[in-house]
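Down below are the structures I want you to see.
Next come two complexes built around chain A: one with chain B, the other with chain C.
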Partner chain A sequence: MARFQLFSEDSETPVVDAIRGRVLLTLALGVAVMLLLDLLAGLAGIEIAEFGGRTLGGEIELSTVGKRIWTGTIVGLIFGLAGIGLSMTYSILNFANFSHGDLFTTGAFTGWGVALLVAGWGVGDAGYLLLARSGTGPSSTDIGASIIASPLAILIGVVVAAVATTGVALLADRFVYRPMRDRGGIPLLIASIGVALALRSTVQFVYGPQTRGVTGTEGIERTDFLGTGLSVDLHQVTLLVVALGLMIAMHLLLQRTKLGKAMRAMADNKDLALVTGIPTERIVRATWILGASLAGIAGFLYVLERGTMNYNVGWFLLLFIFAGVILGGIGSIYGAIAGGLVIGFVHEVSLIWISSDFNAAAAFLIMILVLLYRPEGIFGGVTTA
Partner chain B sequence: MSEQETPTEPTGESTDEEHGDVSAKTDPLAAAPEESLLEVRDLDAGYGDLQILEDVDLDVGDGEYVTVVGPNGAGKSTVMKSVFGLTTYMGGTVVFDEEEIHGLRPEEIIYKGISYVPQNDNIFPTLSVQENLEMGAYILDEVPQDRLQDVYDRFPILEDRKSQKAGSMSGGQRQMVAMGRALMLDPDLLLLDEPSAGLAPDLVEEMFDRIDRINDDGTAILMVEQNAKEALRRCDRGYVLAQGQNGYVDTGDRLLADEEVRQQFLGG
Partner chain C sequence: MTASEATQPGLRDRFIGWIEQSDRRIVLATVAFVYGVFAILVILEQGLGLGTVNSIFGAWRTITFLFAAYALLTLALNLHWGYTGMFNIGVAGFMAVGVYTMGLLSTSPDALSGQGLGLPLPIGILGGMIAAALVGLVAAIPALRVSADYLAIVTLGLSEIIRLSAGSRTLSNWTTNTFGAGTGGGSGMDLPDRPTDFIFNSSIGESIADVFTVDVPRIDMLLFEFGNREVTLISSSILSDFVWTFVMLLVLAGVYWMVRRIGYSPFGRVLKAIREDELVAQSLGKDTRRFKIKVFMLGCALMGLAGILWQGSQGFANPNSYRPVVTFYAFIALIIGGSGSNTGSVVGSILFVGLLFEGPRQVGAIISARLNLADAPGTFDGAVAPLAQLDVTPFLAYAVDNIAPLQFVLLGVVLIIIIQKRPDGVLGDRTETAAAIDLHKEETNE
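And now, the complex of A and B:
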């Protein structure tokens, strides 16, 4: 109760009392106000000298701020989309799946291999294309795998990313996770680190270690998008549409379908699900199919937006995806989406004030702050799966 | 004490034809019903390598109301879990509706017409009340609307709160959700594990009344209860279990009246 009452009514020093016990929160609020002032001053073009040669305000373009918010949303959607599967495997299979980042990578490579093959049919050697430009051959500009030049290739790439990643996840479940299903979360977690390393090494072995560009960019930047005057990257728009569509589909699946309800039931209470006659192994399989598909598609879309990829892409993002999932309340897909958006948003928008050496730290700082005041996460204990 | 053969141990060889009439709650003799819906013989079961039950015999007739009482650790809940395939089967037979079900898994047994309400954690807390009930009918292709309505008629408060999350309801209401879920398949036999556990004292009576009504409508009940006196008063027949073995078996009223049972198991 007291937590939500800002000022005590019968206190002589209400402000002091309000601050007492919430030093960290007050500090955080203070910093937020400072940053906001800095932003406003910057937008107004006012520069106020502070100390040590630092200034408040300065020159910040409104368009820069808009751009940051937009990319923050895009990155957040990727974290959110990838986080759904991570959260589901946590709540239904009871373990933190460290190979989730490499499922993301698997989706990116398999999807782009096939997308390049379709887009670059006749332009280059099939093996070169299928291995996502491993070796020497035409440039990504020549292949022109973009939503403008070859929308079909992108669509097929999305589907292949989902299917191939699902296959890999089901294989891992069959041969690694299922035999140790009842051993508890920690052995499974450690096994998943092993699967992560194996997957990453396989991708590196098959596709090669180099970072490569895969997308075509011609005509992708639209300076006057739909007459709004905004400059928009069509690949980002594609990502936005597909990610939102999949999130809504997941929501409907979980809330409206028998399978979705059974998944939520199993996340709630596995023993009861068993005595209710819910086929738990089938639900586990459905969880892998959905979670891995979303991870694979997220990987594919992330590369669509970035333009380049290497075998480390998912592993490096895993920590952010985990941060989003934990911030949102692990076990809840809505938490995973909300948490992913927050982490992605902070990650990008903080660049207004700090250099790109520190923006990752800012994202984790926000995660820690939120968890200090809401340890169960944004959606924790509210809704499942 | 647990090794002593009780004179009224059910053998299925009743001399009195009327014993099969399960509606006769005042039946002075208490042998096994003429035709058992559930027939447990020489059951050995436990968890992993640990054996809990030894040579347990138990019968539930069609539409009969049977309770199992006994001290803590006697294996009461284990009997129930063993019938439902939740323990390690070690020997003996469990026959339900003339079909052997020992060694089957719970998800197979539920198809035979037995539903089980565990003692704790017997609802899906983040699912709505209605979704909890729908899950009860998961094994059917579609949610039987008439059954759903039956459950709502039986527990009207659940219909009023069908969109509420089950986890946000009171203890008594949760117990209704749990029973409602189990009744969705219209089982022939309902297994209730300590239904009064955790309920406020004034709700316990109400809960037992509800179980009576479920039984009156024709569902056989096998119940494990801590609240032994009340359970024995309500049931057709009772079993006293001690150290994983059959102790006494008789009508509930006669067990209540038995001096030895009273002193050893019912606190005088």
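And now, the complex of A and C:
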């Protein structure tokens, strides 16, 4: 970008740029105000005639809005949790890892295989359970892998998801990325596409292609949660608690430990880090361990909340995770968390205004606009993890 | 090949040297090689018989069709990535724009699914290419300011937005009511017939088909007894597909000629200069942004054309045919051949289609036809458990039964190996330099 300002864009003074930025900001604000007005009018049940046959307001229930915000938060936490690893690999290894979504899938399948084995011990055949209900056997309700019926199974599942995903990521690093460490972002990106294809198809080969339900849902829906009168899904609460816990742990790790300091140093300036005596290869390994286990756990939790999974689950979410990471400023884990939450919000809350055909497109559109007009992210240039 | 080095070349070396002398020979040799492999594979699967000719031609038809489609895509992609260094991974989206615009313009208004304006096909094709180029323009103007990996994400996001829009029932209903044309949403869109189909619906077609029908008594004398009936050597459906494939090959030849001309023109030299060092190109007074936008639009139009000739020739468009994985296939084909070289793009497409895309399925079919495998186990544990008793048959049967995911594993592994060990592709470093004269010492092939 800097090159262009030197030569071809020298006719555009900073003033013009500033005005252009102001116009875009005004436009964005205008749209936001319109949407908000629409929402408020809708909540009040007023319908105002507008130009072109469109109307402002209409019928929107407050509970619908509340529910959308809640699911937006849940989905956003998943995007944020998975985005931490993506952001870290970007800042420390300098490439956009397209296989991150399939690490997510790996975590979901390995974790749920073991969780079902624990929860359904004796109910069904071990192979059937370990392969996350591939083939014929007892239904997910009979196995009853839920946070109430078998919290231990869920806990073991989370751990296995983290460990297995880390193993896969370290293997990929050893055989794919390490031999080409200095080859620049694009060759690594292409290699990661290869890893993504291979990994996803391996999951499909081993676990089978069908979409399967894995969680038990009995007693999960609590109508009067802790006496607050709110209706709450306990699996969503589990997700919230685990995700927040892990995010806080990541924050403490990066800010309080020597490893975290080394990682931040490496993200800032690799050569300087090397000169200072930071063992860069070890930091890279730590990056993969942290990033992959968070991705794996995110995959496991996402399926805990959704109830079903197939081998495409992570690949379909990859672009949303990218969107969150980019929105928050690629390279920053706080940005990744915040950006993930915003994208989750957009994905769910935008359903109030647009049809469900387009909520994903809205999230991608926001990502593209941010990339084009504010590539350092909406929270402004924090590039250090 | 200098004289001192090859004092006494063997026949094989001399043959390879002869082939390497011209690009046309390399392409033809690769095609002949893949055709030969497939003839052998089909014979291995089915054994020899009169029907084999039909099967071999069917297999050749499929690989030629896919080869032409991928070669068009890789040539367009090579303009972006190989020549100018723009990492566009939204190929599927630009294809979709081409196909759907063609459909919206040319599908008849009373089609079963989706609705078009019913305009003549040439208008539809031209409109599809123009629309793809315009979407390319919209993407290019701002996107060229960002770095290569950001451009990748922008184009991928754009292609997903296009796919989601094409699959949107709401949008389709709205455009149908407003403009009288819609994509049909998730249920897909009917497309016009291939213009070559009318040949086979006429008397000319029947007489062509007759040529490939042989009276068995005549063969009896030459070969072996088959009973007294007529045998179709090549079915007319394969023949009519072949005619369409031939049209695609003609277009491919035209596009190849065009991008080659572009590559060696002053315009092409600026593109290569941008790839090598954009700052230098700017210092020499070239408005690099304008060049990049132009070539981006041109490449997108070609992607739209490729989409129309490929997906658009199948009578039906479905949003799911434009998933990002199609883009990755095109990239694998380009990288195998060697990005930066047009001949490399074409050779890479043949190798990709023959050895990676269609080959594994054919091998799977041979295994299941030749080895008398028992019923495949339904799940992976059923396949793995007998391995403990050294019984590989269930695993083999399971693998053959699930050849599709294994093929993707192979694709991924090949992509990784090539980018690691041979980033220049099978033809080696044939990247054309920006200089108008040859700066290399050694003899070049171009």
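By definition in this document, the second predicted complex is superposed on the first by the 346 of 385 C-alpha atoms of A that agree within 3 Å, B and C clash if a C-alpha of one lies under 4 Å from a C-alpha of the other, contacts with A are read in each partner's own complex, and residues count from 1 in each chain.
Operating definition for what follows: contacts are C-beta pairs under 8 Å (C-beta built on N, C-alpha and C of every residue); 3 or more make two chains touch, one makes a residue touch a chain.
Model, not experiment: these values are computed from the prediction.
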{"item": "Touching partner for A:G245 - first (chain B), second (chain C), both, neither", "value": "neither"}
{"item": "First, second, both or neither for A:G135, with chain B first and chain C second", "value": "second"}
{"item": "Partner chain(s) touched by A:I278 [first = chain B, second = chain C, both, neither]", "value": "first"}
{"item": "Superposed model, chain A: greater residue contact from chain B or chain C", "value": "C"}
{"item": "Touched partner set for A:L197, first chain B, second chain C, both or neither", "value": "second"}
{"item": "Touched partner set for A:N269, first chain B, second chain C, both or neither", "value": "first"}
{"item": "Contacts of A:D357 with chain B and chain C, given as first, second, both or neither", "value": "second"}
{"item": "First, second, both or neither for A:F322, with chain B first and chain C second", "value": "second"}
{"item": "Intersection of chain A interface sets (partners chain B, chain C)", "value": "none"}
{"item": "Contacting residues of chain C [partner chain A, same complex]", "value": "87, 142-143, 145-150, 152-154, 156-158, 160-161, 164-165, 167-171, 185, 278-279, 282-283, 287-289, 325, 328, 331, 335, 378-382, 385, 402, 405-409, 411-416, 419-420, 423"}
{"item": "Residue ranges of chain A in contact with chain B within the complex", "value": "258, 261-262, 264-265, 267-269, 271-280, 382-384"}
{"item": "Interfacial residue positions of chain B with respect to chain A in the complex", "value": "84, 86, 106-107, 110-111, 116, 118, 121-127, 131, 134-136, 138-139, 181"}
{"item": "Of all residues in chain A, those that touch chain C in their complex", "value": "1, 3-4, 7-8, 95-96, 127-128, 130-131, 134-136, 176, 179-180, 183, 185-187, 189-191, 193-202, 204-209, 319, 322-323, 326, 355, 357-358, 360-361, 364-365, 367-368, 371-373, 375"}
